[in-house]
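Naming follows writing order (A, B, C and D), and every chain is counted from residue 1.
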Amino acid sequence: MHIEIDVKMNYRLGADRAALLTLEVAENTEGQRILSDNLEIADATVTRIAGEAGVGQRVWAALATEEMRLSYTAQIEVTRGAVALESFDAAPIHALPPEALTFLRPSRLVQSDMFGPFVARRFAGLEGGAKVAAISDWVRRSMAYGAFGSTQATTALDTFAARQGVCRDFVHVVCALVRAANIPARYVAAYGPDVDPPDFHAVAQVWLGGAWQLVDATGLCAPETLAVIAVGRDAGDTAFMETTDAAQFLSQSVQVSRRPAPARP
Amino acid sequence: MHIEIDVKMNYRLGADRAALLTLEVAENTEGQRILSDNLEIADATVTRIAGEAGVGQRVWAALATEEMRLSYTAQIEVTRGAVALESFDAAPIHALPPEALTFLRPSRLVQSDMFGPFVARRFAGLEGGAKVAAISDWVRRSMAYGAFGSTQATTALDTFAARQGVCRDFVHVVCALVRAANIPARYVAAYGPDVDPPDFHAVAQVWLGGAWQLVDATGLCAPETLAVIAVGRDAGDTAFMETTDAAQFLSQSVQVSRRPAPARP
Amino acid sequence: MHIEIDVKMNYRLGADRAALLTLEVAENTEGQRILSDNLEIADATVTRIAGEAGVGQRVWAALATEEMRLSYTAQIEVTRGAVALESFDAAPIHALPPEALTFLRPSRLVQSDMFGPFVARRFAGLEGGAKVAAISDWVRRSMAYGAFGSTQATTALDTFAARQGVCRDFVHVVCALVRAANIPARYVAAYGPDVDPPDFHAVAQVWLGGAWQLVDATGLCAPETLAVIAVGRDAGDTAFMETTDAAQFLSQSVQVSRRPAPARP
Amino acid sequence: MHIEIDVKMNYRLGADRAALLTLEVAENTEGQRILSDNLEIADATVTRIAGEAGVGQRVWAALATEEMRLSYTAQIEVTRGAVALESFDAAPIHALPPEALTFLRPSRLVQSDMFGPFVARRFAGLEGGAKVAAISDWVRRSMAYGAFGSTQATTALDTFAARQGVCRDFVHVVCALVRAANIPARYVAAYGPDVDPPDFHAVAQVWLGGAWQLVDATGLCAPETLAVIAVGRDAGDTAFMETTDAAQFLSQSVQVSRRPAPARP
């Protein structure tokens, strides 16, 4: 699938005039290919560094002025296919590669250490991909999707009690429950054309069958439609913009669409 | 029902040689009558003060020695009958008496403010006693009962994630969910002959039909078998023993039994 | 001292058209006398119930329309004098009356159970009023006063880490530290003419010398200038307005002033 | 400095008969050299994987029996010298390498996001190494060192309130405050001969002068005496032993000593 991304952002930065931006589609991740992309930030010096876990890249923008005017456009070919989670085995924990072991750990916003007994009983008898699929289904059925007031400080534990939230809250709960089942799970920032209204999206990746498999418990986006930006232990690792002093929102739009198939002669 | 209570406690107190004891059956609560009781603490001066919310009484024991040797025996007639929760209406919130309004609030161990959306959706369409009964059933079905390692610091939120605990943990979750439904709920320390192994017990009271109704989501004890000791916002208000310096456990036994019916001629 | 209070509030209530208002000056509290007062709520039926701990009164307003237009005016004579905290002894814990014992407990927003070792070491060697005065001084010196973004959910523990906040945050930290010193402390909603800009205010009350003594760690208001509204375990017990469905802010003003001394002939 | 390490551990593992062990001195970290080492685990198959952040190695032990009998001995030459923290500049945040940026983030046990305002005010005017040194001094002066009951679940926020703990608690508070100053800080498991009684130790590493500098706020160990085992976001990343089912402690000893200088002829 080909998807088109068009992001426009205007923020007034503080005196530091600097921002760390995690919004470019990852260049080096399986299942997607960048056909073309272009990041323009007016009056800025741009430096790229690797993303968390070596996935994708982040941009440090140092501005000559306080107002940041940013445009990012990209044409992406998503080459990964549909994923049947149930078909995958989980690796025995002692066979996990170190980069997966990291994502078994609880993190600031994902207190997976608190859900062990619940997961052991509620999903008893299931293993591997079947267990992850059951967890994802349970989250989708149990939670209401919407902007009910969760914030950057809202944790998986908070959301598990309130049972509502936006995509980031869904991912945090999925990661909490999957890690509690001793299966690595990480947070993924992504673009998807089926997010409505269009916005930055988040899904989970779980380590099954020797690779990271995408899981969207909101039910909004199929893996074969997602362009991955970055990964992390939780949303705190992948914020689309971070600044060291307070930034003022001016305007922002995120457009993601399927590129129409070329007309056939 | 007549029940017999026999408590023996031995603790080595710290230098303060003082303890606040909340273990006598409440004298002034509906549905129970003290036929006889006797609290003996060797070498101690005893002062009684009222319990929280005016229910029952607490004992300050000031000891001449560091070792506290306590015996409490009581014969109680429980006169309250079985309760059909579903038959009760909840009071409109503006018609609550102030002493009930207090128990709508979140407390240290009962973060009822975090469960509003979950309760509104999961128990939608139910009101009053039917809603409380559904909550109590849900807690009983969802939680495993046992000594899995919860502590005095374990909160309703912790337990809601782990879905396991002892009686105090069950009560905390019930209070969290019922308060989130705008129905007053409080923590009750009690004796019940059907607790196995015998120990101090805890249940909830909810304000329905203009009175406090007992609810035991563990399913262990029917209201008509319980002797109430004290009430509070959560377990922190009703600890059976509190000391200002560290106390050392020596031995303790709690026996609660149905008194055999008198032989008929 | 005579003080004048003038509150105007306009809110659009939800479908329940009901609000619990805790904003009238307490009628039955030592150190203050109501010379005159008047609460007017357009198109509303008003019911009064006692405040928490029997201090003051709360008003249930049931409205005929969704818009609540409220006016509260009062003339208060504050008769309490200046308080020298250092002059008071703390009661031995076993001599506390039950109504004070309640306010030794941690509460939802005041995790006093977590500060024991810090208080024991930092304020070692001090007792009673001298200890409370040292705690209040420490809070004033350690914290920055201002609207930095604390919310209704901000706890004493959060504030102790951030070291900044508004009056309610100061009170929560004072209550946490004073309770950790085994001295009862409660949250007090009040009016004070020296709050700038004028607004609802909050201070602490500590149980010293056999009575509740006012303490304002912000340094804004002396006890002899405060008109007490209500008390509670923390801010959650004394919100000036509570509604069961979402209310929309329209306008609000709080004016509190010293009444000019009468002209002398 | 040459140091000798001798660890003996006996645990009864659960049915999984597997343990992840993070106790070997890191092979690939600057400032230390392994002269010889030997890990023996009776009846076990051993697999090594890289440590977090690529520092050191972890061992998966799969046992033929339930009882794990482990011996680890090592001779280490510590080649790093004394560190004068004050002499180092902090990197501008936009010049941080990605592997350091990771350690600016809050983590499960280190809620650095909550301490920003406190750090900004309390350590105002200081930068880089001078700021880190001031934070480390503040932690040492403010906290009591000892086994007061902190657990694996104790967080930096808990410890900041209680102001007491063991080495891991000191490290968590240092990491929270240093990260809040926008300087990367990570948790380091280590051996040090000056820990008394001998045990596994923990210190912090901060990113200053383009490298990771060791900081021990307990004051127990100088950097030039430490043998680093592993690093992580907090203690949860570097536990010396992890098992998927409950393990039973049988015995354990950790001996770390300076190797006597060779006798001179």
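Criterion: a contact is a pair of C-beta atoms (placed from the backbone, for glycine too) under 8 Å apart; a residue touches a chain by one contact, two chains touch by 3 or more.
Keep in mind the model is a prediction, meaning the values are calculated, not measured.
Between B-C, A-D or C-D, which repeats the contact pattern of A-B in over half of its pairs?
It is C-D that reproduces the contact pattern of A-B.
Taking shared residue numbers divided by all residue numbers at the interface, is the value for subunit B and subunit C over half (same) or under half (different)?
Mostly the same residues form this interface, as more than half of the numbers used are common to both chains.
So what's the Cα centroid distance for subunit B and subunit D, whole Å?
44
I'd like to verify one number: the distance from the centre of subunit A to the centre of subunit D, where each centre is the average of its C-alpha atoms, in whole angstrom.
Centre separation, subunit A to subunit D: 31 Å.
Two or more other chains touching the same residue: where does that happen in subunit B?
Expected reply: 111.
What are all the touching pairs of chains?
A-B, A-D, B-C, C-D
Under the touch definition given earlier, write down the residues of subunit D that touch subunit A in their complex.
Touching subunit A from subunit D are residues 18, 20, 47, 49-52, 58, 60, 62, 93-94, 96-98, 101-102, 105-108, 111, 113, 153, 182, 233, 236-237, 244.
Where on subunit D does subunit C make contact in their complex?
111, 114-118, 121-122, 144, 148, 157-158, 160-164
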